[in-house]
Amino acid sequence: MTARICDTVAEAVDGIADGSTVLVGGFGLAGMPVELIDGLIEQGATDLTVVSNNAGNGDTGLAALLAKGRVRKVICSFPRQSDSYVFDGLYREGKVELELVPQGNLAERMRAAGAGIGAFFCPTGVGTPLAEGKETREIDGRTYVLEYPIRGDVALVGAHASDRMGNVVYRKTARNFGPVMATAAATTIVQVRQVVEVGGLDPEKVVTPSIYVDRVVAV
Amino acid sequence: MTARICDTVAEAVDGIADGSTVLVGGFGLAGMPVELIDGLIEQGATDLTVVSNNAGNGDTGLAALLAKGRVRKVICSFPRQSDSYVFDGLYREGKVELELVPQGNLAERMRAAGAGIGAFFCPTGVGTPLAEGKETREIDGRTYVLEYPIRGDVALVGAHASDRMGNVVYRKTARNFGPVMATAAATTIVQVRQVVEVGGLDPEKVVTPSIYVDRVVAV
Amino acid sequence: MTISAGLSKDEMAARVAQDIPHGAYVNLGIGQPTLVADHLDAGSGVVLHTENGMLNMGRAAVGDEVDGDLLNAGKVPVVEPPGAAYFHSADSFAMMRGSHLDVCVLGAFQVSAGGDIANWHTGAPDAIPAVGGAMDLAIGAKQVFVMMTLFAKDGTPKLVPECTYPLTGVGCVSRVYTDVAVFEVGGPEVVVVETFGTSYDDLAARLDVPLRQG
Amino acid sequence: MTISAGLSKDEMAARVAQDIPHGAYVNLGIGQPTLVADHLDAGSGVVLHTENGMLNMGRAAVGDEVDGDLLNAGKVPVVEPPGAAYFHSADSFAMMRGSHLDVCVLGAFQVSAGGDIANWHTGAPDAIPAVGGAMDLAIGAKQVFVMMTLFAKDGTPKLVPECTYPLTGVGCVSRVYTDVAVFEVGGPEVVVVETFGTSYDDLAARLDVPLRQG
């Protein structure tokens, strides 16, 4: 089905189940689906696993979701930031689990999920604590670690615009994780600045085709 | 180094060595680097392994390269076509080796080469003759075949336009294998319809950034 | 015993089209399955995928519409409807392999009761094999429909207990649309969903697979 | 024995910039390596990569140039020069992992004589680890340069026989640019390429790695 264009953020995030794995796009505030995260906070799903590059800043967005005790586990590459005090506190108290993943592995593992790849041999992290306990193999004289896909039940993506079918375009470095997460989740929810008519986007510029998009909301 | 803008096709294909693996873009004539193939025929390199979706049509292009006995091996998904008689004849005479690869595996194996992935578990072809002798593994209840990267010494890519740095844009379905092959070869040579000044392409539309492009020639 | 002439190719294509859900993302294999497109009207909301790198592929181009940069998987020029998107081959097959397509329709030499498909190679020693995207499609789409005549020219059934031709994919076909009947495969028995100009008993007599009336 | 004050951070950055080949594709790690950009003039032809998805990244944005959709890996707003290109994170790290970048410059806690690098985790039990793109960069670029002071604040050397901090990458660093000397690592001996306000003998006395004059 082509995407459903939702009238409200509440409609866009409706039905996210407790225990879901939620992929959250953005690098810094660029591409961060701020309104969808706020909607998720309102919506109430709990016991979540959040997959995102960071683990929240200040008191809003992911940090607010964490502060409400709704996140069981964070899978990310870079939790520690100058203002990641909410995550830091919960982590030190043992109230949130952390799986630390190199940023490129985070992206590639989600890409594998979206692309139907069962696992892949990756050179990143070989010989480091992040590869401990993982299967390794030497291929053509180089050592690789076997990495598995990361799938989402839901992806929350911040993008620039969509057409009414759900074709999505991004703007500048706000592209980052969104296109990959959109392929890796069972339900992909995209917030955009505007929804245009079908035919209103340049087909050469569409980065996330509508096949990956379930719901769109303009914020 | 950003790309070298070549004045002639001869300059663009200069130095391709005997025994090279040459990735050749295109699906049908869309994206087919016709002039670069003609240039390669002129240039003289032999004992080549050609990786392309098809194995030549009629008497021109890849078929002409094959007819001159310059190709030792073809890696492709779909050699047999209504007018693939040059390949057909050489194959039946045992004069050219064939590695038949499902089209998606062809693309993904080159993508792996470009992306530094050592090998990947792929569900395509499981239980078929094309997976015979290959390592398999069950992951989460599904069987996968281990597939290895396909690297090129040279990629010949047909595209729409480039800027003088070597950023490349494609047009419609002529995109096909070009962007993947550009990442998978030690030397990527792109033919375009026009070279524009730096700044003349929309950065959101660049599909092959200049980092992957070594030489460009307008034809 | 003969089975009377059933559906024409076009009628088969129309019958397949009838089972494609509204708004589905669909890949139509080259050859006969391409005909299915003619029976999907605009109101169907169906979005066609072509594995050479396009979603929302349009109809065949005519006259001035022909553009050498815009081909379908059969290398036929097509048009670009509003809402199209382009992508490269690795992304296109990731879309397929990652189970994002709802339906693909393939032709076949043989389909087994268990849902195996053979459609790329006759196995003849002098045949030049060509697989294209068939194996990727067979294992990639959420539902794989096969469209074929039920019997080969020599009268042997193409719906078989086990494929004798080299396989394209294992246990991946869900439905088989033929000129004389529609079957559901992949379960313990093959279910006859519908017949055209023939009876269940005629089919049971001609086929060597465990049948059940649907 | 003391080693007299050597290069400032800016001078170190300038020294690194001097070794970046004309036209190279370069990723500058967050923190001090970012300073290298200030010493690459337009004539250098160097193209900067930022792992959040851009090639030909420009300088920091000022005033009205600030655009929330255009950040570098340190989340600082930057500008878009002509010839830029954008891509998503999987493509960006594929570029890195696939050895397409000529040089990356990283900061470090420690570098070993063999070229191992530790720069993501002090190993302190209460520290919250964060790795970002460091491991991908360490193993991805064709050449990895490290830029760091040679001694920690407590006077212990950061160029060591074996790293004691958790590793970021194994055997991947080729050159180490410090305030008092430039080293080549990864071979049987560490080569002192150049010194600043110190002597080879001073270095040999302070460091516990096999040195050779370059």
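Note that the chains are named A, B, C and D in the order they appear, and that numbering of residues resets to 1 at the start of each chain.
Assume contacts are C-beta pairs under 8 Å (C-beta built on N, C-alpha and C of every residue); 3 or more make two chains touch, one makes a residue touch a chain.
These are the chains along with the protein names UniProt gives them: A, B = 3-oxoacid CoA-transferase subunit A; C, D = 3-oxoacid CoA-transferase subunit B.
All values reported here derive from a predicted model rather than from experimental measurement.
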Chain labels contacting subunit B and also subunit D: A
Between B-C and A-C, the pair with more C-beta contacts: B-C
Mean-CA-position distance for subunit C and subunit A (Å): 35
Mean-CA-position distance for subunit D and subunit A (Å): 28
Subunit A and subunit B: spacing of chain centres that average the CA atoms, whole Å: 33
Sequence positions of subunit B contacting 2 or more other chains: 108, 111, 115-117, 122-123, 170-172, 203-204
Residues within subunit D bordering two or more other chains: 80, 86-87, 93-94, 96-97, 140
Category of the chain touch graph - line, ring, star, complete, other: other
Pairs of chains found to touch, sorted by chain label: A-B, A-C, A-D, B-C, B-D
Residue ranges of subunit B in contact with subunit D within the complex: 1-2, 111, 113-117, 163, 165, 167, 183, 197-199, 203-204, 206, 209-212
Touching residues on subunit B, where the partner in the complex is subunit A: 108, 112, 115-123, 137, 139-140, 142, 144, 148, 169-172, 202-205
Subunit A partner contacts - residues on subunit C that touch it in the complex: 22-25, 45, 47, 49, 55-56, 80, 82-87, 93-101, 140
Residues of subunit D touching subunit A in the complex: 50-54, 67-72, 75, 80, 86-90, 92-94, 96-97, 116, 121, 126, 128-136, 139-140, 166-170
For the subunit A and subunit D complex, residues of the former touching the latter: 27-31, 53, 77-81, 84, 87-88, 91-92, 98, 100-108, 110-111, 122-130, 160, 170-180, 207
